[in-house]
Structures are given as structure tokens and as C-alpha cells.
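Read from first to last, the chains carry the letters A, B, C and D; within each, the first residue is number 1.
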Amino acid sequence: MSASQTTVGRTREQMAERVAQDIPDGSYVNLGIGIPELVAKFVPEGRELIYHTENGLLGMGPAPTEDDGEPELINAGKRRVTLNPGASFFHHADSFAMIRGGHIDVCVLGAFQVAQNGDLANWSTGEEDAIPAVGGAMDLVAGVKTIYVITQHCTKHGEPKLVESCSYPLTGVGVVSRVYTDLAVIDVTPKGFQLVELSPGVSFEYVQERTAAPLLPA
Amino acid sequence: MMNKVWSSAAEAVKDVSDGSTVMIGGFGDAGSPIELVHALIDQGAKDLTVVNNNTGSGEVGLAALIKAGRVAKMICSFPRTAHSEVFTELYRAGQIELELVPQGTLAERIRAGGAGIPAFYTATSVGTPLEEGKERRTFGGRDYVMEYGLPCDVSLIKAKAADRYGNLIYNKTARNFAPIMAMAAKTAIVQVAEVVPVGSIDPEHVVTPGIFVQRVVHIKAPQHESELVKQGVSYV
Amino acid sequence: MSASQTTVGRTREQMAERVAQDIPDGSYVNLGIGIPELVAKFVPEGRELIYHTENGLLGMGPAPTEDDGEPELINAGKRRVTLNPGASFFHHADSFAMIRGGHIDVCVLGAFQVAQNGDLANWSTGEEDAIPAVGGAMDLVAGVKTIYVITQHCTKHGEPKLVESCSYPLTGVGVVSRVYTDLAVIDVTPKGFQLVELSPGVSFEYVQERTAAPLLPA
Amino acid sequence: MMNKVWSSAAEAVKDVSDGSTVMIGGFGDAGSPIELVHALIDQGAKDLTVVNNNTGSGEVGLAALIKAGRVAKMICSFPRTAHSEVFTELYRAGQIELELVPQGTLAERIRAGGAGIPAFYTATSVGTPLEEGKERRTFGGRDYVMEYGLPCDVSLIKAKAADRYGNLIYNKTARNFAPIMAMAAKTAIVQVAEVVPVGSIDPEHVVTPGIFVQRVVHIKAPQHESELVKQGVSYV
């Protein structure tokens, strides 16, 4: 199974591009560290999104060119960023009031596992000797209106990430709205995983085989 | 393109529905969004629960809204006012309900409403008649009461300037309840004396980030409550 | 008793002056509406106090001359004020965080009654047909480090305001540190009212007669 | 005359006592009060409970304080860091305690600590392993957990400029935890690149009013954590 993953379905960039299509003009958006950050590169022409970063900035712009930028203008991943016009700075409690109070429209996050009821596990693999670290993930999934997950459909070892119930420690209960993978776009519904669309060249059966819970056809 | 600037106060308040909880900013003459409140009177929504520190002055703004019979309940800290009998009369006649909240508890409840905090504890009002009906709990040997976060449907506030993203700056003590009322509202409507281009407010100086604001109305020369009261103006 | 009150003991200004002596240099101070406001006029030379007003201003200055001033630069009593250098504006929740969080050093308030255990009643006389109104009084007494009361020793009708226990509805329980009246300065202690000093020309017996609880001599 | 400007970082941290709870501002390279933390290392206070979003980087600043064995317990949201093994080693050896708190809950607990709120409810962590030991309660049909306000003895923070009253302005995302940590502290100590005359910060632009600041130290050219780490500097 794992060998085929590099050639079948969407690349990371294509996954990010697909997510970007679903975020309406004028949304306030928080993008998680890693693949989710790519989403900003693919926002369709004419849409204006405003990016929030937990460490106190609304109106975050792209990374500065080369090794430019300032050490005190960074994002939640501690990378240097720029400012878009109309930006604002605020302290951490105000920043998470935006999150907890439901003011952020969309958050795009990575995942270890997503369960068919929308449970998300993305902060810990629960290993005995790991140093636990959670950051803002639990606040984001509890507070943001719509949680999109962007992830490879399976792990590097070919294990499904979409599951009946998460075996890893949860980040939040029933919080995920939609999952974008290399193979498909899948909604979390009261009836479970609902296929929205298949990636080009991917069959329903192919996705179902790699999903550890029933998948409702589109 | 994100543009939160609406064409008029009337348009901006058009969809306020009967039974809404409406927060109205301002403390005395400072920050009172008179024009938005008058537009709400014209619009006609009724059975409102209104949150303000007081109950208005004279027969303009909030006092006029109350006099017009649109307010079923006031949530405030100080319903007595020097220049208004409007609330007093309706209250004595049993025609308006009052929830009296200490000013700091009111502010914190509004902030909590905007910050996704359903309840918190405060020492304010412990052992007083305003503790009645509240849950008491001891932390670190001191008694506190539980208070609920207070979100709302609509906030009407006033600021000095906004850009089309809704970023706001205020004028002096007119800031008062406005930033937290913007946070607490599903729809925060702000009247500003000036609409400025995006990018012209220093990101370090923004007081209310645009994320907390849904609609901006340009009211170039806002009226002052105290002057209207002095002139004997009645908006009902 | 009431007839003598205008000639015996301190005037309102003298009471305010006496309070001012007890507020250390560098204190953050909230002065209630009415007589407490007078305190600011009598701060001894060389002391720098910073005045807080609940409606979002630290560094409040005196009232503007004549009918000057601005409608949106006012105090908690809704009177026009000025700014001292080093002032700052903030919203209501931050303003009461200063109060509730114990950041204000001294608050000077009026009173209907003070009980010997420090209970304060100053917001309601509990009359049946009164419109209840509390403002920020309960927050101030619950949060400010030191609560000073400035008040006439007796009501206009000659009734003592310092009592065994308050008959009026409370503003706070055990919150008052010291009471400044026209007749005396009195501390609230675990043993009850403790005389600190008599006003010039006033005897201990005179004060005790007008105090409805035992008064410990200085 | 009120003058909160102290002569040196060493003087300003002189009285920090063993067993204190110390909040340290900063998020990554932004707002890290390196010079104050190094002064605290020199000063020698131990058995500290330290609150920071992370556990420092390299062997400077907070990481150096931990490596020096002064920290009994960390309260943070993310103790793993790219350029430091200091915390990890001590934690695995059972020589340092960890209280893991979601970042937004941490921020709100600090703000509550400064605002006189002993406890509040949040939906964050409900149904997760971090709910363990917390009280769950339902409001409006949704589950929340109770979290405690987190005050502290001392805060070490960094700002851009201060006046002698302690009014502060910050530099961009270096603001992060500093304003709320100033609120939460009995003694908030701030290092600033610039001390400006009283009256030179516009009252509309003050981010932290001086009432939340006890001591100001002038550090003209503060070091950046990432540069020190790159240079391989070790402060222990």
C-alpha cells in the first residue's frame, strides 16, 4: 500500500490548493504549522483572507524573502513572517479570546487520527517516554467555528488515519468538519465519514480500503 | 474583498430581530452611539434585552429606546440617571425588568461572553443582597460567587475611526465598554467619525482588531447626548 | 446633637485634607464621587498619586477650568476631567481587572453605615420603592487593597453612621480599614472601632456618644 | 516622586526568593527577557516554579535557568523545543516537574490571576487526557472544565519602551504574554530598550498601564536568544 502513495492522488501542494478553494472570501483563518501553512499560497484570486497566529497577530503575511524579517515578528511556529496591511498586534489572552470565543472562522490542522464522529488526535502519540506538548491545538479545536484537517490518508507505514475511534490521545471531541487527504475530500457527518470527492484517478474502493471506518459514497 | 463599511445606520441595523439581546456602548456622554440607537428606534425591533451601564439620559438614545417601549429588560449597574425619568417610570409601573449587576462584574461578564468563557468566579457582591441566587464557592480561603458570561446578538458601539476591515481606535474615555461589547456580539455594529484606508492605523495602536467587528457605519459628526438633552430633544 | 455638627470638628475640606495625609507617595488611588473627590486637592507637596477612574483612565487630572474640557474625557461621576502626563486609556474590563486584581492601593468612599467589623453599606438605603443602583462600589470594596471611608460622623438627623452592624444593605463584608469623619479618625480592627485621633476640640466622650458601637481609646 | 526605573537587572531581581513562582515572558525569539533571566541565574534563587509557553532554547535564558537546576517545576504548553535538550534530560531523570497546560488556557489563567478571578470554565481539553483531575460542568448544553487563575510572585518581561511610571509599549509579536504576566505578578520586572519621559507615550497607545509594573530596567541593546544559541553560548 505504502509504495503507491507517492504516485496516487494529490500532492501536498494540491491538497493545500484544494483546501484553499473551500475557504470563503473574508474569512479569519488560522493555519497550523506544517502542511496547513501551504494553504495560504493557493488562495484563489480575488479572495481576501485574514490570517491569525496564536502569538498575537492578525493580518499575518507570508514569510519574508531570504533571511530577511525581524526576530520579533514571528508566527506560532516561531518562523519569521511579514505584516499585511490592516494587521494588528494583541496579547496572548486576547489572541485566545478570538479562538475560544468563536471568532476565527476556519482552522486548518494536521492529524495523527480522525475518528468518524469527528474526534481528532494530533498532539500526542501517547508513547510512554515522550515529553507531552500540546501548544494551542486543544484551544483551536474547541473554539474555532470550522476545523479542517489536511493529512496524508495513511501513515508512512500505510496505516489508515481515518478510523472508527482514535487510539491516540484526543485533542478534541467531535470537532472535525472535513478532512482533505491525498486521496479524497471527506466530510464528518452524523452518519460518519461521507465522501465529498475523490482525488483525480482514485476510486471509491481504493479510498475505502485505506479508511478504517465505513465511507458513505458521494 | 472584505468591506465591512455599510451605507447607513438604517441598513446596518435592518435585521435586528425582536427579542434580541443588544449591548449599547457608552458611559455618560462618552462613546454613546446615538445615531445607531436612533436607527434602531426607527427600525422598530421590540422585546429587547439591553445591556448598558445605565439607562440613558433625557429622551434621546437609549432613554428614547426605553420610552418607545422596545426594551423588555435592562441589564445594567446604575439605572438611576440625573436627567431621565424614563426608566424609573416604566420600572415602577412594572413594565420593564431590571437585572442589576455590579459594574466590574458586568464588564467581566461581557468580556467572558466574547472570550468563550461560560462562567467565572468573583468576590464582588459576596455577602450583599446582590449575591442572591448566585452560587457561592471558596477558593484559597476566600468566598466568591459564580457569574455567567454574557454574549449578545448585536452590539451598537461608537469609535473614532475604522478601516474597512473593522479595525478600531477610540477617543479617550469613549473607549469604555466598546471593545468588550464588540467581542461579545454575534453582530457588532460600530459608528465611526472617520473611515480610514486599510494600513493607515499602526498595527501597534489598533484597540479593537477587525475580527470583533461586523459592520461599520460612517457618522461624520456624531451628536452628543448631553447637548441633545440640554436642547430638550425627544426622539420619541 | 445635629445642631452642633456644623460647628464641631472638621469641615468636609479638612476631612479630605486629613485623608490625603495618609495616602503614601506613589499610590494608585480611586476616589469615589462626592466628598472623596476633594481628597485630590489636598495631597501634600512632593507626593505623586495616580488617579484611577472606573470608566477607563489612569492618570486622571483635575476638572478643567470653566466649561472647558471634552465630552468624551470624563470620570466615573460623568464629570469632565483632564489628563495628567503619563496617563493611559483602557477598556472597562481592564479597568476592573485593576480593581478586582488588587492593583489599586487606596479607594476613598462615602458611607451610609460602617459596622465595627468593617462591613460597609453605601449603595442602598433599602427603601421599598427605590430603584436599586450599585455602579462600581461592590467591585471597589472587594478588590482595592485599602478602603478608606470619608463621611460625616452622623446623618443629618443625628443618627450614628458607625454602628455595631449595618441595617442597610451591604456593599461589602469586612472591607473598611479606616473611617475619617468630622469628629475623628477611627480604625477598624479585629477588636472593633479603634480611635486613632480626635478632631481638634472634640472629646473622646463626644465621639463615643455619637458612635453606636464601642470605641477603643487611642 | 514615583520612579520605577532601577539601576540594573541585578538590583531589580535581588529579592526574588527561593520557591517563588516566576513568570517569564516571550514566545520564541520574540519578547524573551534574556538579560533579566541571566540576572536571576546570577542571583541564585532556587526551587522556582516557572511559567513560560516553552522551556527555552539552547543553554541561554530560561534553558540556562533550568540547566542550572533552579527550576523545580515548569508550567507551560509546549516543553519540547528545537534547540534544547535541557528540559528533556531533567524531565526524563525525574528532576523537574511539568504541568502541561493548553496555550489558551495558560494565557487565560494568567490573565485571571491578574484580574482577581480565582477560577473560570473553558471547553478546551474536555474529553482529552488533559481534562484529568479537572472538574467538568455543563453550561447551555456544552461541557466545560474548571481552570484556576494563576497569579505569581515575580514576572520577568521585555518591552520596547517604558516611562518612569512603568507605562509600556511593545515591539510587534514580542507583546505575547507580557501584558498579562505583568498583571499577574506581585512584582512585575520589565526590561526595556528605551526609557522615555513621562508624557511621551500617547495615552491611547499605552499597552500596559504602569499600575501593572513595579520595576523597570534599561537594557539598551537586548540580546536575541536565537543568535546566542547560534553562537553556541552557554550561560551556565
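Quick note on the criterion: contacts are C-beta pairs under 8 Å (C-beta built on N, C-alpha and C of every residue); 3 or more make two chains touch, one makes a residue touch a chain.
Quick caveat, the model's predicted, so the values are computed rather than measured.
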Any chains in contact with both subunit A and subunit D?
B
Hop across touching chains from subunit B and tell me the fewest hops that reach subunit D.
1
Between the pairs B-C and A-B, the one where more C-beta pairs touch:
B-C
Between subunit C and subunit B, distance of the C-alpha-averaged centres to the nearest whole Å:
29
Subunit A to subunit C, mean C-alpha position gap in Å, rounds to 56
How far is the middle of subunit C from the middle of subunit D, if each middle is the mean of its Cα atoms, in Å?
36
Got the subunit C residues that touch at least 2 other chains?
57, 89-90, 93, 96-97, 99-100, 143
Within subunit B, the set of residues that touch 2 or more other chains is 108, 111, 115-117, 122-123, 170, 172, 203-204, 207
Pairwise touch list, complete, is A-B, A-D, B-C, B-D, C-D
What residues on subunit D touch subunit A, complex-wise?
27-31, 77-80, 82, 87-88, 91-92, 98, 100-105, 107-108, 110-111, 122-130, 170-180, 207, 224, 226-227
Under the touch definition given earlier, write down the residues of subunit C that touch subunit B in their complex.
53-57, 70-75, 78, 89-93, 95-97, 99-100, 119, 124, 129, 131-139, 142-143, 169-173
Of all residues in subunit D, those that touch subunit C in their complex:
1-2, 111, 113-117, 163, 165, 167, 183, 198-199, 201, 203-204, 206, 209-212
Along subunit C, where are the residues that touch subunit D in the complex?
25-26, 28, 46, 48, 50, 52, 57-59, 83, 85-90, 93-94, 96-104, 143
For the complex, give me every residue of subunit D touching subunit B.
108, 112, 115-123, 137, 139-140, 142, 144, 148, 169-170, 172, 203-205, 207
